[in-house]
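Note that the chains are named A, B, C and D in the order they appear, and that numbering of residues resets to 1 at the start of each chain.
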Amino acid sequence: MTGDHLAFGADRLVVMAGPCAVETREQLLSTAHAVAAAGAALLRGGAYKPRTSPDSFQGLGPAGLELLAEASAATGLPVVTEVLDPRDVERVAASAAMLQVGSRNMQNFPLLREVGRVDRPVLLKRGAAATIDELLHAADYILREGNQRVVLCERGVRAFDPATRYLLDLAAVPVLKSRSDLPVVVDPSHGTGRRDCVVPMARAAVAAGADGLLIEVHPAPHEALCDGPQALLPEDFSALMRDIDTLAGMLGRRVVRPGSRSSATAP
Amino acid sequence: MTGDHLAFGADRLVVMAGPCAVETREQLLSTAHAVAAAGAALLRGGAYKPRTSPDSFQGLGPAGLELLAEASAATGLPVVTEVLDPRDVERVAASAAMLQVGSRNMQNFPLLREVGRVDRPVLLKRGAAATIDELLHAADYILREGNQRVVLCERGVRAFDPATRYLLDLAAVPVLKSRSDLPVVVDPSHGTGRRDCVVPMARAAVAAGADGLLIEVHPAPHEALCDGPQALLPEDFSALMRDIDTLAGMLGRRVVRPGSRSSATAP
Amino acid sequence: MTGDHLAFGADRLVVMAGPCAVETREQLLSTAHAVAAAGAALLRGGAYKPRTSPDSFQGLGPAGLELLAEASAATGLPVVTEVLDPRDVERVAASAAMLQVGSRNMQNFPLLREVGRVDRPVLLKRGAAATIDELLHAADYILREGNQRVVLCERGVRAFDPATRYLLDLAAVPVLKSRSDLPVVVDPSHGTGRRDCVVPMARAAVAAGADGLLIEVHPAPHEALCDGPQALLPEDFSALMRDIDTLAGMLGRRVVRPGSRSSATAP
Amino acid sequence: MTGDHLAFGADRLVVMAGPCAVETREQLLSTAHAVAAAGAALLRGGAYKPRTSPDSFQGLGPAGLELLAEASAATGLPVVTEVLDPRDVERVAASAAMLQVGSRNMQNFPLLREVGRVDRPVLLKRGAAATIDELLHAADYILREGNQRVVLCERGVRAFDPATRYLLDLAAVPVLKSRSDLPVVVDPSHGTGRRDCVVPMARAAVAAGADGLLIEVHPAPHEALCDGPQALLPEDFSALMRDIDTLAGMLGRRVVRPGSRSSATAP
């Protein structure tokens, strides 16, 4: 079944959703069930969190990975989660169907080489000041090691207007597609940092031709240990999934569903 | 009839299209007929062109205004055109249904005051390094003079990646709508500078909630005196209009058509 | 005598100082005497102020020009002041020895053409998102009209770190000098927006090869109607002038003094 | 002896110089002797190179470390070199007196923690899109592990003007000093990417209050495997050192010399 969910590209639209960070068993399981019910194809959630300050919550680490594995088993959703340290790649790959390399690590070359050597698709997020060129070269580090399942992710670049946390560069979608065959997904949650921008920008990403979305969902955003202001409530995520379904249909795409079957191979 | 075309906001979607610059009578009329046939609501085209270098084509000036008036009469499309100099506002207002203040002039306060005193809606483009806050304050300069018909335009901000000419900030659409009741339109032609990005970003703008689009169309982009690389061919614009129609319908909007009637008042 | 002060270039270092805005007769005269005593070559001060919001103090206009003329007569310092509107160029030129085109107007081409036609040197400030190329092309608009006395001013570009108001690009000094013979001055007051950065960056600008400085000085910065947080107190400006003197000497330059005589022609 | 060279702060000015990458024994030794003769306090040179593309020269690795150790022994200059991988920290610390964390790794938190646990001062370069705040928080990750010898390095941020490779933010020097007691050095070579900007910006950095400089020197820049366009020739570096000496004297600082003795403790 996992194969379906991780089958990016062609006419498929893959929605990955879940909390920014794994905080508690209850928080993760309730979110996982909610996003599964709403039609997400993968569960996202961080066990290792790269945080600006060492005083911020750094994630649950191995205990978080265990919770992710439990949530995956309970919902049938494969898990995508971030790996920060080249020494953790194997351990994270044991619990997750897909590995995320975060924007701060887009040019962490030892990490890129390490994820290039495991049998897991890799979600590679664009650095906050990285050009399209640099993102594609970073992907080359992974591809060069033998792992061909790289999914590129636009998640906003650094800019001057404090109105949004980052500036989501949706034109990166057609530009990347003109230069590479790798699937391209968009993260409107980090890309704007504002809950009220997530739905419009998720729609816009699909309209721009994205192959998938990465959406943060939290049952109680105001209590979140990380990035609460950008998390959707489960019910808002459900409504978004209905919009995305219609929009995808109009554009000749179909949203990959947990129960759906397909002969496609990933990505 | 003009009223209909200039009725921005609510469920209406207003598409303004035409060449970057008025070059010749033939170029303008053929483009005007093409965009009218494809369903544009306004004809755009510059008679006064703000160009980085004094050696570049600066527009036809008054002769360009006359050609715009002729094209408007021939097609029934009202005209939106840029005014650069506070001393030209009256003259331009005599030929155009809507005045454009370009991004380089977003904080040209004497010009803003002058367009605030004429009976024409104003298309105010965001400066390439302007925050949302600054754009709204610039609009205040116009509103303060009595002219309430201001339409805000996102057209890309300056950023670091040469892959696109500017970085189109589509999140500006929901952010502006959370802070103002003014209509918001998007210019994906200047906002990306790449023909292959115009269609995806036009769709994305509509999906993000924009009230209109500003699209450059040229019958022979490679011969254009200004911004050829970002101009659509008339047939590509026609195809885009069909997409936009479907997308607008899905989002509960309708594209304002030249022949359509409505009781709405502008904007 | 004015000729000396406006003699930019070669081994001369020209310091222009004064308040951001002309507020009152007393404020202007006391500042003018203080900066003259400290060794400034020109008095700066705005009568027409380009402000982000129409609710902010917009300057005293013609009354401000009169006060500037009075302060110039009282101190012997020629005045540099900003002109915003092409229709005001003649009037401002009647009161000021040098005209400033502000960063918001760097690509206000009608204004550039107008200041290109008067017999006054022009201080052209780089736009907050303008490339070096665009600054040089903007200067071309002035030069093309016949006015060869253009002085370029680096005053910070827009960037992502709120720690400073703008990002002062001192490398622009050597880059501009490699591409043009026009004098280059630096404005560390607007370029950082922080009083505690003005002195270090003024020194750095001289060390980088700048031909002059533009420094904001106010007798009571916390009461300033405009940009108080970046204004130096007169005594801090005096101390800075002593530093600059030593630094200039070390670099083979000499600070142009009000009473000094020179055979040089401006700029 | 090493202690002297690594004694940053107070009235000392520490110049680190050498090639971008260790390429050959001959290249490294000739450069090392040249920079030692000119008065550099440390030899810089990369054995592990973070390169945008996997096709670019990646450094000599362990063989490069051996050459650095040899050059250090031959010249008496301690070595500062970059470490990319947390698994290499011990190995690099065995050959180098000071460890560099490059700008791409400023938020590579596992690496920061690892260099926080060794007995070597750490040169932490600001990320190309990092705020001052984020740089200080990154330093916290190192300090938190027990290593108090952190030296901050401004090396240019990403900006929009292709005239320079990065935009060197010299105001970061006074801003960092207002917020931290850690020494601050500047890298005008990476910070501009242009040989003709290195000397002016090195002087400017000292004038702005920097505690040191990081300068790339190569005996044949046009043959360099990495960043040739920004490398100084040895003779140009010698001339720069004479300038810096004079400038430092004027500012009440003294350049730390290989043969000098001091009771100071690092940093």
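Quick note on the criterion: contacts are C-beta pairs under 8 Å (C-beta built on N, C-alpha and C of every residue); 3 or more make two chains touch, one makes a residue touch a chain.
All of these numbers come straight from a predicted model, not from anything done at the bench.
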Interface sides of chain B and chain C: same vs different residues, half threshold: same
Farthest chain relative to chain A (centres taken as mean CA coordinates): C
Chain centre separation in whole Å, for chain D relative to chain B (CA means): 49
Chain centre separation (chain C, chain D; CA means) in Å: 35
Multi-partner residues of chain A (each touching 2 or more other chains): 129, 133, 157-160, 162
In the complex with chain D, residue positions of chain C that touch it: 129, 131-133, 157, 159-164, 167-175, 178, 191-192, 194, 196-197, 200-201, 203-209, 246-247, 250
Chain C residues touching chain A - in the complex, by the definition given at the top: 158-160, 162
Footprint of chain D on chain A - complex, ascending: 50-55, 84-87, 104-105, 107-110, 127-129, 133-134, 137-138, 140-141, 144, 157-158
